[in-house]
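So that you can tell them apart, the chains are marked A, B, C, D, E, F, G and H in the order they are listed, and the count of residues begins at 1 in each.
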Amino acid sequence: IRKGFPEVIFCGGKTPQQVKEIAFNMYKNGSDVLGTRASHEHFEAVRELLEKAVYYETARIISIRNTPPRKTKGIIGVVAAGTSDLAVAEEAAVTAELMGNTVKRFYDVGVAGLHRLLDKIEEIRECRVIIAIAGMEGALPTVLGGLVGSPIIAVPTSVGYGANFHGLSALLAMLNSCASGVSVVNIDNGFGAAYSASLINKIGEEGK
Amino acid sequence: IRKGFPEVIFCGGKTPQQVKEIAFNMYKNGSDVLGTRASHEHFEAVRELLEKAVYYETARIISIRNTPPRKTKGIIGVVAAGTSDLAVAEEAAVTAELMGNTVKRFYDVGVAGLHRLLDKIEEIRECRVIIAIAGMEGALPTVLGGLVGSPIIAVPTSVGYGANFHGLSALLAMLNSCASGVSVVNIDNGFGAAYSASLINKIGEEGK
Amino acid sequence: IRKGFPEVIFCGGKTPQQVKEIAFNMYKNGSDVLGTRASHEHFEAVRELLEKAVYYETARIISIRNTPPRKTKGIIGVVAAGTSDLAVAEEAAVTAELMGNTVKRFYDVGVAGLHRLLDKIEEIRECRVIIAIAGMEGALPTVLGGLVGSPIIAVPTSVGYGANFHGLSALLAMLNSCASGVSVVNIDNGFGAAYSASLINKIGEEGK
Amino acid sequence: IRKGFPEVIFCGGKTPQQVKEIAFNMYKNGSDVLGTRASHEHFEAVRELLEKAVYYETARIISIRNTPPRKTKGIIGVVAAGTSDLAVAEEAAVTAELMGNTVKRFYDVGVAGLHRLLDKIEEIRECRVIIAIAGMEGALPTVLGGLVGSPIIAVPTSVGYGANFHGLSALLAMLNSCASGVSVVNIDNGFGAAYSASLINKIGEEGK
Amino acid sequence: IRKGFPEVIFCGGKTPQQVKEIAFNMYKNGSDVLGTRASHEHFEAVRELLEKAVYYETARIISIRNTPPRKTKGIIGVVAAGTSDLAVAEEAAVTAELMGNTVKRFYDVGVAGLHRLLDKIEEIRECRVIIAIAGMEGALPTVLGGLVGSPIIAVPTSVGYGANFHGLSALLAMLNSCASGVSVVNIDNGFGAAYSASLINKIGEEGK
Amino acid sequence: IRKGFPEVIFCGGKTPQQVKEIAFNMYKNGSDVLGTRASHEHFEAVRELLEKAVYYETARIISIRNTPPRKTKGIIGVVAAGTSDLAVAEEAAVTAELMGNTVKRFYDVGVAGLHRLLDKIEEIRECRVIIAIAGMEGALPTVLGGLVGSPIIAVPTSVGYGANFHGLSALLAMLNSCASGVSVVNIDNGFGAAYSASLINKIGEEGK
Amino acid sequence: IRKGFPEVIFCGGKTPQQVKEIAFNMYKNGSDVLGTRASHEHFEAVRELLEKAVYYETARIISIRNTPPRKTKGIIGVVAAGTSDLAVAEEAAVTAELMGNTVKRFYDVGVAGLHRLLDKIEEIRECRVIIAIAGMEGALPTVLGGLVGSPIIAVPTSVGYGANFHGLSALLAMLNSCASGVSVVNIDNGFGAAYSASLINKIGEEGK
Amino acid sequence: IRKGFPEVIFCGGKTPQQVKEIAFNMYKNGSDVLGTRASHEHFEAVRELLEKAVYYETARIISIRNTPPRKTKGIIGVVAAGTSDLAVAEEAAVTAELMGNTVKRFYDVGVAGLHRLLDKIEEIRECRVIIAIAGMEGALPTVLGGLVGSPIIAVPTSVGYGANFHGLSALLAMLNSCASGVSVVNIDNGFGAAYSASLINKIGEEGK
């Protein structure tokens, strides 16, 4: 029912053989295919049957396309603090691109180094939707929420240790954000954030 | 920075006297004012100074306006299961209306009585954004996510008892939704859902 | 005291040698034997002594029989969402079969793709007992509970990540089901669900 | 879809006025009506319109009937430890009776006084389904599970203090029961246990 | 062993009569006395015997002094977001003052309104120690930590609802702060933060 | 201060080299030495220097003695359900023996097979102190507590899966035991239970 | 089976009328009766029928005796930190006395004021069993465990706020004590500690 | 903004290649570099480019310096219980030294062996700031807090098992310390404690 989007395989917990078969069937039915949480092994298996498959290493994403992705006028901004959150940020950014969105990345703008964030804030304000990714204390969406007027999809990451409890600290912080306009997806769910952001961005394209 | 929105007071934990003063100052500065989690006592205090104040009882909202709310072409759908979630649903619906949105309410459409939901599904599909409210097992956003193409803001409610743990069951269910396009706000946070939905709806109005 | 049921070994945390000995003793005393959570190594060890042992790979079950399983008239329906829950679903289905029940499998009927579920609903309604298996938001038993009149044993699975907390999200959702007629077993406990379903199914066979 | 059962109102969190109206509408449509978690105030309001309404105080249940309840041949046994769990036990027992079941109560048979339980065990064994209710360490369903051959629906209660965490100790104990044939409902959910037990008992009546 | 500090009574959970007696004994032994979490009732009881007792209403503190408080050169900055955290902020500020410190209050500087915080940042930088108080997402200490060079004592507050879990969200956020130089005290423990800040401030006074 | 007891090394998290050195120093100072949570590697290292070292494999204990253990008249009973709890049960039993106690083992007496427990109950009653070890629902100490008059030290084990949460279910069950005379040690802490039981047993030896 | 002990009523959650009847029946059967968690209302009701009933206010205990309590030679030491833990400490101390033990109270000896504890340590060492009661960080049993040779029953209390989580902090601290010879009962369970201590003390009296 | 401190790399979760590049860039810009949570592999990679890099094995720290560290007059005391907490203690101690502080180590002074702690207490009192490190029941900061007048930074460690829940027991104990002057950092965060302690120590150096 959501047209123009690729079909998606969650590769986590599937064998390379399973992914290969599912991807092949989807592709030969004319769909574009997107595999998330894909390892090198998954990719190797898929490439045996589908030579044009592409692997985004940091994002852990496999893409196989029948149709070239469109490019929206509206921009999805992917904002993240540091190198530790990169895998999740790239899962979000690459997913959004493969769903036809124009994406801008703003990395290394954590709240503990506020000036780097403020230096970019004008550019971030021009984005139609923002994906804000942060681990540990998860403060980035709140600070952004006070500075921009676009809807923000917040992604807590499991980066950290100790009382981080595998992402719980960032998750709770984001759900309790004192800034408005912030909604939240599951810990490490870059894909889900990109999907929601994509639906929102398309509202602006089409005027719906 | 977010124009056309009223200024908001969270009345919970404030005295009637405090709310009255804050509301008065905002209003005389030309703002529209919206008070959430407001009791009758809060309202009585505010009305002493501001006669045109209006109280939405089920929604627990006070509104005082300098400017009449606009009406968007795009619709925000507020979908909820039963009478128990009504307070949260109305907090979302009234907030969205006071922020200038056209709102449609779809109540009594819980997933345990699927036919009532399916009967309304065409109408729900026409909404540009959907706010899905559910307590207990929190399944409504997931079922909706598989049936509609609009972005969904999910609101878990604290309705329930025992292993509900004051809304934790619905919160976790929504964060783990196997449907895509769902993002989540805090337990019972009808206001926050309406705010995010409102930002998204405006993208469609303006084409941004 | 529960006649006609095989004796059961929980192989998890036991060495192949231990399982082999326990199985051998049970079998030579005339019992049918069922080993759950069995690895290939467990099976290899058992087969050394008991050649007729059978291994159900996906279900991780070893079966060694003195007597052929009966077949009930009443059907246990095993309903599950996707490939990720397959191991748990098969543990339930194979256990139920080895306890003498007629079993029907309904896989790939998750609530986010409601039409596949509705397509099968008449067939599911004919089952005397239903085992409903779901991970993540665990909504399947609730949706089923509103559509069928048979008792439902719900099995939360640990499939997922992040705020899934190893099955907690599905467990809480199922315990808080707003549909009636749903009771719940431990996370990933396909065996336990089959056992309860089997006791219930036999009530119908025998009229008790 | 589940015939012969009364319509149910969960009175908790509803005003007396709301309950009165819902009950009246259900009753005049020809349904039998069952109100759970009902206070004296709920009952007083209902009786104003419906004189034949009956109030079960310990069970906190209101019943208004158009048709007399049937009596099954099969027995539902309600087994509980002590006076503290009485409210939940009676919610289960009265609900089961009002759903047309023959019910036998076995109270004051906690596992710390094993002999009282063993004295009753033959009688308990004759029940077709067993509802086992326990707070604190929640051991009763496990001990019963080893002694009887009927399916057991376990109800954890919130009775206790400290590391009981409002019923969590009993809930976890029951989910982890080392006896087979035990499935679990929400903390304090006597109604839900009776509903499941009732569906199971009817399988035996009808042969289905 | 910590000279120059008043003796402290934690009034929470003590009767007015108990507090009155303890305070009287301490005072007549020559100590200055500080009562925290004191209600009006506590104060009334104490004033019966000790006329010079002073009550700080918002801070819920009783003070009775034999010696006038000193005033340090170094400043303790008490930084807080909004009116909801005022009780905790004042507990910290008044405690610090009564322990002989010069205190500056910076209220209404939450991270969702960054400009108000940045407007004050030069003044905050001049403080020798900072107490940062925040509820909900608890981001304030992290943002401050990136902007100032003084040690920060962070106080999570229980302000909020839902997934705030009575202060857990702010507590975890602060423990996981990605800024360095932040240490944390118990939820709502304004007193404890002031005590630690006071020990630190005195190091600067005395050169130790 | 506790005479006649060996010195103890907790080997978990120490290297073989570290354990070897600590053990050697203790031993040559005339102490008896007990190493818990010891792997084969720890034992091999210790034996290089101390030839008379003995390894208890199931118990994961190393013992090196200067003096032969005494034997008390009073008996410590170690009661456990099944093979899965064996490692913890043996840690308790061997520790108690090496501290000079007469120990009787009662294994395979879980509460789901009550008759095996009742068959042994007279013998268990003769023990001066009882260590009761159970995982999963942790019901054993409660059932025992109703049948015997000796103090019981309960040891929850981490045996189980899913809602067992690594021993939490058994721990909470034991802390909430409705039987009196039960106190609890940490999850899997067979050593600690034996130590406490040993102190108690010695009271009876010496009359103190 | 545990002779010489009174029969016990847990009054919490029972009506005065219920307690009165239970107490009367026990007493006229010749038992001594002990009611814990008893309010003034419980006591008033009991005294109507049983004039010799005695109420221990701080301990919240009702006692009615047919036989005078014995006095053991061995001493149970009840050690507690401060006035806040008094109710739990007295529940333990009075229970122990009514079970025939000689009890010594050591109050106001918290670990943050170590010297008061060390001043009493010789006297504490003479106790045959020690009950150690502490809230908040629950350190007292660990410090004691390093200083004395008697078995210690640790009682965590729910005294505190914030990250105390109603006694969880003290409970976990005590379960993880790095001192040996410590076992733990439920939060605030002074009664249970006294019961276990009493069983242990009697071993020394009788030589068993 | 915090001058004289090295730049810090958290190596956990970074590849050796990443650490090598980051370190090289920092160093050639004139900074001193400190890498925490560094493995041997990280060090090997760094040493390829930066020969003067030094590895502190127990502390898991890499240091590369352009400028020699200063030595403060004021002392930071690092106090820890046993060998298990050594890695965290050394992370704190080495970090503090590399930030220019004079550090004294007090190891093997756990609260269960109070005399070793009391033997050192005069020396500990002379420290300007204290870092107190403890796992399990986390009592050390509380006991120290009652004995010394300096501010204490408490570090809970994840050392332990079972109900330790990966450091939660020590964390909660420290947050609930009944001693004043204690503030807390994340579980195992020796670095963070050293950083805060260092800021405090410098207040005394400079008089600020």
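In the analysis below, a residue touches a chain if its C-beta (ideal position, glycine included) is under 8 Å from a C-beta of that chain, and two chains touch if they have at least 3 such contacts.
Small disclaimer: the values here were computed from a predicted structure and weren't measured.
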- Note on the structure: Farthest CA centroid from subunit G: chain A
- Task: Give, as an integer number of Å, the spacing between the C-alpha centres of subunit F and subunit A.
- Result: 51
- Averaged-CA centre spacing for the pair subunit D and subunit B, given as whole angstrom: 36
- Message: I'd like to verify one number: the distance from the centre of subunit C to the centre of subunit D, where each centre is the average of its C-alpha atoms, in whole angstrom.
- Response: 26
- Item | subunit B: positions in contact with at least two other chains | 147, 162-164, 168, 171, 175-176, 186-187
- Note on the structure: Listing every touching pair of chains gives A-B, A-C, A-E, A-H, B-C, B-D, B-E, C-D, C-F, D-F, D-G, E-G, E-H, F-G, F-H, G-H
- Touching subunit C in the complex: which residues of subunit B? 81-82, 110-114, 136-139, 142-143, 145-147, 160, 162-165, 168-170, 172-179
- How about subunit B: which of its residues touch subunit D in the complex? 83-84, 159, 161-164
- If you look only at subunit G, which of its residues touch subunit D in the complex? 10, 12-14, 18, 156, 158, 166-168, 171, 186-189
- What part of subunit D is in contact with subunit C in the complex they form? 1-3, 8, 74, 128-129, 147-151, 153, 171, 175-176, 180-187, 191-193, 195-196, 199-200, 203-204, 207-208
